[in-house]
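What follows is a set of notes on a single structure, which appears directly below.
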């Protein structure tokens, strides 16, 4: 079986959507990895109340810097943040005014995306007892642009890009772009358009692993990172 | 004709309602004068966004201190404030959450008060083109206790404590206490109760200058300052 | 990265006729430099949304304002909580009264609390709110009333300004802002609610020049920053001078008024 | 003047059964000392309103929490946006699932934005708001839907907690509070919305010890201040120690998980 992209590469490709001057919130999962690849001048936001954060302490840097970390500076997923010039802290009300304002790009992890741009982000089942909505509904509703990153198929091989969601809806009609480990797909008013394919894969092979129908863009091309 | 109280004395009497630990907003007019007489430990609020303000620069102190005044620290009526320890500054949204919270006592100037505790505060006529509501409706709605200070009668001698307001309503049923240059009157569910009279005046004389009917409190007594 | 620091004229170049413009007008924190620039920009049919609109010709003249009726000729509607337009010596009051009577100017009265909560509802992109303020008053007119848990409320529409003009003490070049004293007022909420926010500041520093714990308005709400030029009539120094002049003028007026010994209460 | 600075037990002495309690639960800024004191206070039938309720037995154990399911046995309803109760190794998840199934625990799901705007609506004493969040999702259930200017909204009730538990870096004795870093989160809005607000802080200074431009929560919203004792399991120093321990623990877990090399996406 052919290789799909690693999470790192998916994150690298998604991060290319960001240009200096953009504000962006990164969801948990693959999107978090975009932080490392976002262009300088992109200001990252986390919904607990920080804008303009820089390097996130990963396992290595925590191990190295554990004595000088400021434990009061963390993102929404409790990853500790390095202090960087230009950072600001604010409360949740300000944060969600920002998130609703149409000023942020949201890159969120997806469980399913439909051909209408609906997305299931927070839960796999309506019988889920845990509350997992978090900021996902606000982030997808208010985004200037909503980018969903995910594996193209679930672990059992079933397609995650579908005609109709079978999982609980997080947002209706808001997804603009899907970046997976196989493809980059734009959501348009006339359906899904395959814009890029991962190296080694053909548009036809991608369609086979996609439940929804893809229109092949005239300028379809191989993904670059 | 007998002397009525000066504005200073009305303000002194109203200020006696405040005890240490109280938060209080003072409206323009007579209430502003309460600042000088409020007990230590009363925190004064102004709706543009300051709590715990201290001495307000008056004409003399401005004349004396004009070179060292911080022109960015003023109350809602643009009176400049001295810096005092424990002051805080905040935005209007925080200010009006505070004002609506039932945590502040409001002392406002009145144009008319009815026996039901309605008050006309912001305008004398419905034909008023100018907007004069300001914070008066929020302050009277949200107050822990609403005290209205005013002259007992208008300049033409007509009573300002009436059965029904004839001027535009600022608030319905919210007034708790009226302090005038003749009397202290409590608004109760069974009407107006005369609690105190100004030195030299009898309850009967006060009733004569009041359109609404006053019940004389069993312990009615002379005002003290 | 796009440079946010521009001149007022550049910042306002794309403002259009008919725009809904919000600003804080409450002494400290009033964006006078930007208001003047908007006047010079010459757009018309504006709707102005402001906490106060105290067009006191006397004071403004003393403060060196270019026009006591600043923005008024360009305005068709004012949403405002307090306007001192009936000052006897204000040419603006006469002009406002005339235009309201001839039907070319509309005034929408709000309270200060309604003003700020409707802007905040705009910032949160709500469809509307039920507010307890104004029940039993003239503010009920034309509003849907609803009883919720036994309490009466009025439906209030959010306000989402096309343009927010704000004032702050300092910016970094990213657009983070700090405020000083009571100059905060409506500036933060206007910044959050507006589709396009321009901030005038007295000083611009590099990123890192502001303590992140003390930032009042984060960069993403600020589209353009205008550093007020030192020779501007609304520079920090000249503003202090003007305030001094205006205070001295008012002290004289107060002394005169005290001499007249007006007795009695008032709002 | 009434002294606001008291012990946690004193501050919570009058909390009653059935109270609606709000707190910020998001790493920095979580009022752990007060939450433990409330647990010790022993009131029951609480409704808890919190942004998160991540009862991870593993992490909490490492952090020295007195009980992984803190406050859960005393609670009949939780209003929450994110709760990690399905962590496999969490005894709390089993307990929550069991109690939901037997009908003794109700969970009301909100989004983080709804959580904070409903609390803010409570602070402004609104009757309700129309929010765009949740349209087309399970959050529509039981909510009034209304179309305003062509957009769909859901009616949301304000939340006015009987008790707000908050955490801040420093207080002055009047009750003014400053915050540091992302420890701010929901603390300011909870302070403003609650009928009675208790703040735990790491340091108390005299009035004048805080720069008034940097105060995040003004004194009038704060009814009681609890200085966390230095020997408390939730003192600043011990919290940092616990965080270090918990981070090291999580680093190990992450290393193990990476070894298992789980592939794929997720929320």
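Per-chain residue numbering starts at 1, and chain names A, B, C and D are given in the order in which the chains are listed.
Quick note on the criterion: contacts are C-beta pairs under 8 Å (C-beta built on N, C-alpha and C of every residue); 3 or more make two chains touch, one makes a residue touch a chain.
Small disclaimer: the values here were computed from a predicted structure and weren't measured.
*Asks:* Along the shortest chain of touching chains, how many steps lie between chain C and chain D?
*Replies:* 1
*Asks:* Between chain A and chain B, tell me the centre distance in angstrom, where each centre is the average of that chain's C-alpha atoms.
*Replies:* Measuring from centre to centre gives 56 Å for this pair.
*Asks:* How many angstrom lie between the centres of chain A and chain D, each centre taken as the mean Cα position?
*Replies:* Measuring from centre to centre gives 27 Å for this pair.
*Asks:* Per the centroid of Cα atoms for each chain, what is the distance between chain A and chain C, given in Å?
*Replies:* For chain A versus chain C, the centre distance works out to 38 Å.
*Asks:* Of all residues in chain A, which are in touch with two or more distinct other chains?
*Replies:* Chain A, residues with two or more chain partners: 89-90, 96, 100.
*Asks:* For chain D, give me the residues that contact two or more of the other chains.
*Replies:* 113, 117, 120, 124-125, 132, 179-181, 212-213
*Asks:* When you check every pair of chains, which ones turn out to touch?
*Replies:* Inter-chain contacts occur between A-C, A-D, B-C, B-D, C-D.
*Asks:* Looking at the complex, which residues from chain C come into contact with chain B?
*Replies:* Per the stated touch rule, the residues are 26-29, 51-53, 78, 80-86, 93, 96-97, 100, 107, 109-117, 120, 132-139, 169, 179-189, 216, 239-240, 243-244, 247-248, 251, 254-255, 263-267.
*Asks:* Enumerate the contact residues on chain A facing chain D in the complex.
*Replies:* 7, 27-30, 46-50, 59, 62-63, 66, 70-76, 78, 80-81, 89-93, 95-96, 99-100, 108-111, 118, 121-123, 126, 128-138, 141, 149-151, 154-155, 160, 168-172
*Asks:* Show me the residue ranges of chain C that touch chain A in the complex, using the header's touch definition.
*Replies:* Of all residues in chain C, those touching chain A are 1-2, 120, 123-125, 172, 174, 176, 192, 206-210, 212-213, 215, 218-221.
*Asks:* Tell me, which parts of chain C touch chain D in their complex?
*Replies:* Where chain C meets chain D, its residues are 113, 117, 120-121, 124-132, 146, 148-149, 151, 153, 178-181, 211-214.
*Asks:* Write out the stretch or stretches of chain A touching chain C in their complex.
*Replies:* Chain A reaches chain C through residues 20-21, 23, 40-41, 43, 45, 51-52, 83-90, 94, 96-98, 100-101, 103-104, 142.
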